[in-house]
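Report on the following structure.
In order of appearance the chains are A, B and C, and numbering begins at 1 in each one.
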Amino acid sequence: MRKRLVSMIMAGTLAMSMALTGCTSGGDTTPVDTGSTGDTGETTEVADTGDTGETADAPVEASGELIKVGVVNNPPSESGYREANVKDMEAVFSEANGYELKTSYSLKNDEQLQAAQGFITEGVDYLLISAAETTGWDEVLKKAQEAGIKVYLFDRMIDVDESLYEAAVVSDMAAEGDTAVQWLLDQNLDEYNVIHIQGAMGSDAQIGRTGALDEQFASGKMNKVVQQTATWDEAEAKKIVESVINSGESFNVIYAENDGMAKGAVAALDEAGITHGVGGDVIVMGFDCNKWALRELLDGKWNYDGQCSPFQAQIISDLIKSGEAPASKKIINEEKGFDATTITQADIDTYGLGE
Amino acid sequence: MQEQEHSLLEMRHINKLFPGVKALSDVDFTLRKGEVHALMGENGAGKSTLIKVLTGVYQNDGGEISVDGVKINIRSPQDAQNNGISTVYQEITLCPNLTVAENMFIGREDSFLVAHKNYEKRADKILGELGIPARSTQILGSCSLAVQQMVAIARAVDMKCKVLILDEPTSSLDDKEVKVLFDLMRDLKGRGVGIIFVTHFLEQVYEICDRITVLRNGELVGEYLTEELPQVQLVAKMIGKDLDELSSFEGVEEKHFDDSDIFYEASSLSSSDALPFDFAIHKGEVNGFTGLLGSGRSESVRAIFGADKINGGTVKIKGEPVKITKPIDAMKHGIGYLAEDRKRDGIIADLSVRENIILALQVMKGFFRPISRSEAESFADEYIKVLNIKTASRETPIGSLSGGNQQKVILARWLLTHPDYLILDEPTRGIDVGTKLEIQKLVLKLAEDGVSVTFISSEIEEMLRTCSRLIVMRDRHVVGELKGADLNQTQVMKTIAGGEAANEE
Amino acid sequence: MKNKITNIFKGGFGQLTIPIVAICMLVIFNLFRDPSFFSVGITHNNDGNIVLAGNLISIINAASELAVLAMGMTLVTAACAGQDISVGAAAAIAGSAFVKVLKSGPEITGFSVILAFIIACCVAMIFGAFNGTLVSVFNIQPMIATLILFTCGRSIAYWINGGASVPVDSPIIKAIGSFIPGIPVPTPVLIVIVVAIIFKLVFHFTSLELFTQSVGINGSASRLNGINATFIRLLTFVILGVCVAVAGIIGVSRLGLINHETLLLDVEMDAILAVAIGGNNLGGGKFKISGSIIGAYVIHMLTVTLYAMKVPSTDVKAYKAIVIVILVVIGSPVIKSKFTKFMTQMKNRKQEVAMKGN
């Protein structure tokens, strides 16, 4: 009896977690605010091409001619980055822009594969994929090709032959780290004593953000005071910095691989009475460009925030509308880095994630 | 010795020691081909120890066992099975979520070799032969308890068992199911299987068994042919009193009670474990429930206290109808209950003597009115003194006290609540003689002070000394109420034994 | 005096022997390694307050959430003979609710913080009652019952604020998470003291301790003594709920940020460990809250020691596991009885020698 109850509960848990993923994919029916990124010029263009000569001006009338786009993505709850990414997709591929958007969000590769399969069966025109894992996609992409569906990869690469997709719009994680370290070098400090707080070891973001700094440590230009992973955990980052402070070792740079960990590090500095930010003793660097983090920059409490841009939708939309094949299959999304001395409120509004 | 060639199983001079206790001393047991042999004795007489030695659960500390005249060593249940000794326990030890066939072949060496279809066929054949109403493909859990038990027996039969041990097989079966089981047993008997039958139901023994072996306090009392041992004598042998000796005891003085003095009255009270019964007790009266173990005496008093799920009946206290469905209700109406199984239902082993003493009173006072430490200490000290509890200190964990002193602590727990009606179920079990007497005296003193007491003991002598009225139970029914001149052991024995016992004299 | 010392060797602190020995071992180890590990200094923090600083302060400060959770976990363990593995997820929910309430007002005031605290407590108590009902009414093993919230808790937390990391900035929040102006001791440490005192008071003014232990040691006997075991078990989960809310709020306030994915991540295992290191039987029964608190400090002292030794944080968990295995094995009944046997043997031998000497 008890066994049965337990299994019922397990089943319930499963159902709930499935409902969770299901809920987040409810986005395809919600009307999306198009004000910020909607490009009205293009909308009319689309309406024009689909125009049969009667009511050219009203895009709503052109609903029969909407371009069907299926997006397979990770759920917005994954991270602030993903949340912005999902919102951006929904905003760009809106009905007002001439698209009919279908979405599926999952952290699991097999569920994503199933969703992609579903979109192919439904007969979408374009398939956009940010895969949970790099492997296992050959067959589905071949089927898409046979069905005449064009595939764009965004954010993450997949291990398949280039011929299977039109283009991949991705971030170059290493470039992100390079940009940040270059900025740090440009500060021309007398010496660099760096506390390096890493993200979850082995993740793309961690590898990309660590590489450039490791080169500096190796070349001796910068001193590694400590290099520890806090696995994206703010509280852990605080502990790491505290332990350095308590040991009495001197440092003048904190390089945290995301905003949260930078915040944790700053909490430790604040408690120890160590000044930071513009004009402070310690340079604070973070990544991700959360809105709240950019505001810390604006306040001069931090010095630098790098971004792995989550905004690939517009690039893909442009490619679809132009109908031309890109010069290179791999399109590197432009990365940004913000300096506390030059950041503006407008930057925060445009590029900040969250809220 | 002449019978040796016919005997299937012989156990000679079996000894089993547990730390501090001699569970079996020099016990002999003989089982012949094609007989049903009852193993009888009160609780703690050594029946289950003997069975466990035979089935390899325990190792014997002396003596020898032979099957078919060949000496064997049983070191594990597997050994026992290999020697043709199979056991079917009271609780079904099969897997209810597997099919009947799977249950019959699971865990057997040949089960790998037999294809699924094959052993379903084989199972159906055996079931058919034994007349067991089950299909091999049925899920075992969907069969009645009786059928499940029979499947267990069929499994044993198929394993070529020569000796089949049935440990309390009938305790959860109804009359019809018992009959079917007995038919099966007779069938097996005809095939030459020797059956050892352990039960508390006397009448069943007389219905099915050829011989009876009686154990008492780990010693062999004797082996008897069933037809030569009247029921009342069997009871006497189990309890350890000769009939002549029994008659010489006198009961306590008879007291007279007015009906207006009734403290507690129940009519057709029943619980998940107790069949409906009527019962009343007067203020200041000491009564007893007697009967063999499993007769329903404990279940009945548990129903009074609301210890099991109450199914029906009405209860009046001092003439007022009340509802008692759980222990706290009973406690609030002034009823206390010292449970039969001290370890399981009485002591909170890791807590101190002090905490154990105040527990019931604390519960009655309520969650938000804790008894202060100093108050608790003075209560504990008082009762440690009054009941002469031997403990290193009031902070000693109760688990490290001797059985008798643990029992006194539990008694103190209930006395502290100043009950109007105290139910004591086997308060003297496993306790030294001195403490037994102390507890008996205490019961009589409580009665003098106007407390009603229900006293249960396996020792009838003790009951006669303390109770002015005895309610006798057999097979879960009240079969008699004895008082006054009827309060002597002979009469009690006869009533407990029941059946044709009266004619045997 | 001598008596006392031998008593300690015989387990004179009783249940607390293991955690106290563990703390002593860590202290001695650090004294040999680097005596300055224990130096406590006074500095001005960035808000201009005079505050205490040093590894010791870091340890007792960082262990605060764990200490609070361990207290509640001790009760649940004692009554239900099992542990709640959803405390981390539940704390994320409580923390999110706290932030949600604060964010829904125009500005953060003392009143809104109190309101947010109460609502967070209520939310956590409801989830505690959910777990408690599964355990006490439906008789599901605690670890399995709480697996549900463990699985979905952080997703629920995400729904509440709908964002990955939401900041809350206010001097009041900062005062809760780090220092109250004028008081040099970190506020979380003070909160632990307050919670511990509240537990002490609850034990003093109710029968919770006695009933919890009775239910945990012998449920059947407790029932026959009129204790409502179901209610007591449920109650322990609700109390743990309050602890979860407090821990979640400390965590949020410490950083001025709610990150539902990382807030008190993996804390449930540490909380169970704290209970175990505290000498409490994970199978329920007698308990000592103080043991669990010390257990929490042992765990963090270990972490901070390893960080001070610059052990890579990826390896910290492995080292922690080794130390904990040693502690738990030392505390196991097998070793304990062996030790007692050894001690009595030694005593006998001593007596023999003394006799011969005479």
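Just so it is clear, a contact is a pair of C-beta atoms (placed from the backbone, for glycine too) under 8 Å apart; a residue touches a chain by one contact, two chains touch by 3 or more.
Worth saying up front: this structure is predicted, and the values here are computed from it rather than measured.
In the absence of chain C, the touching network of the other chains comes apart as A | B. Chain centres were defined as the mean of their Cα atoms; on that basis the chain farthest from chain B turns out to be A. Taking A-C and B-C together, the chain pair joined by more C-beta contacts is A-C.
Chain centres defined as mean CA positions place C nearest to the mean of all protein CA atoms. Each chain gets a centre from the mean of its Cα atoms; for chain A and chain B, those two points are 71 Å apart.
Between chain A and chain C the centroid-to-centroid distance comes to 36 Å (mean Cα coordinates, whole Å). Inter-chain spacing, taken between the CA centroids of chain B and chain C, is 46 Å. Not a single residue in chain B touches at least two other chains.
Residues of chain C found to touch two or more other chains are absent. Looking at chain A, no residue sits in touch with two or more other chains.
The part of chain C that touches chain B in the complex is made up of residues 204-208, 210-211, 213-214, 217-218, 220-228, 285-286. Looking at the complex, you find that chain B touches chain C at residues 305, 307, 326-328, 331, 337, 339, 344-351, 355, 358-360, 362-364, 366-370, 413. Listing the residues of chain C that touch chain A in their complex gives 36-37, 43-47, 51, 53-55, 58, 62, 134, 138-141, 144-145, 147-148, 151-152, 155, 158, 163-167, 177-179, 186, 251, 254-257, 259, 261-265, 303-304, 307-308, 310, 312-314. For chain A in complex with chain C, the residues that touch the partner chain are 2, 5-6, 9-10, 12-13, 16-17, 20, 77-83, 201, 226, 228-236, 238-240, 242-243, 245-248, 259-260, 263-264, 267, 269-275, 290, 292, 353-355.
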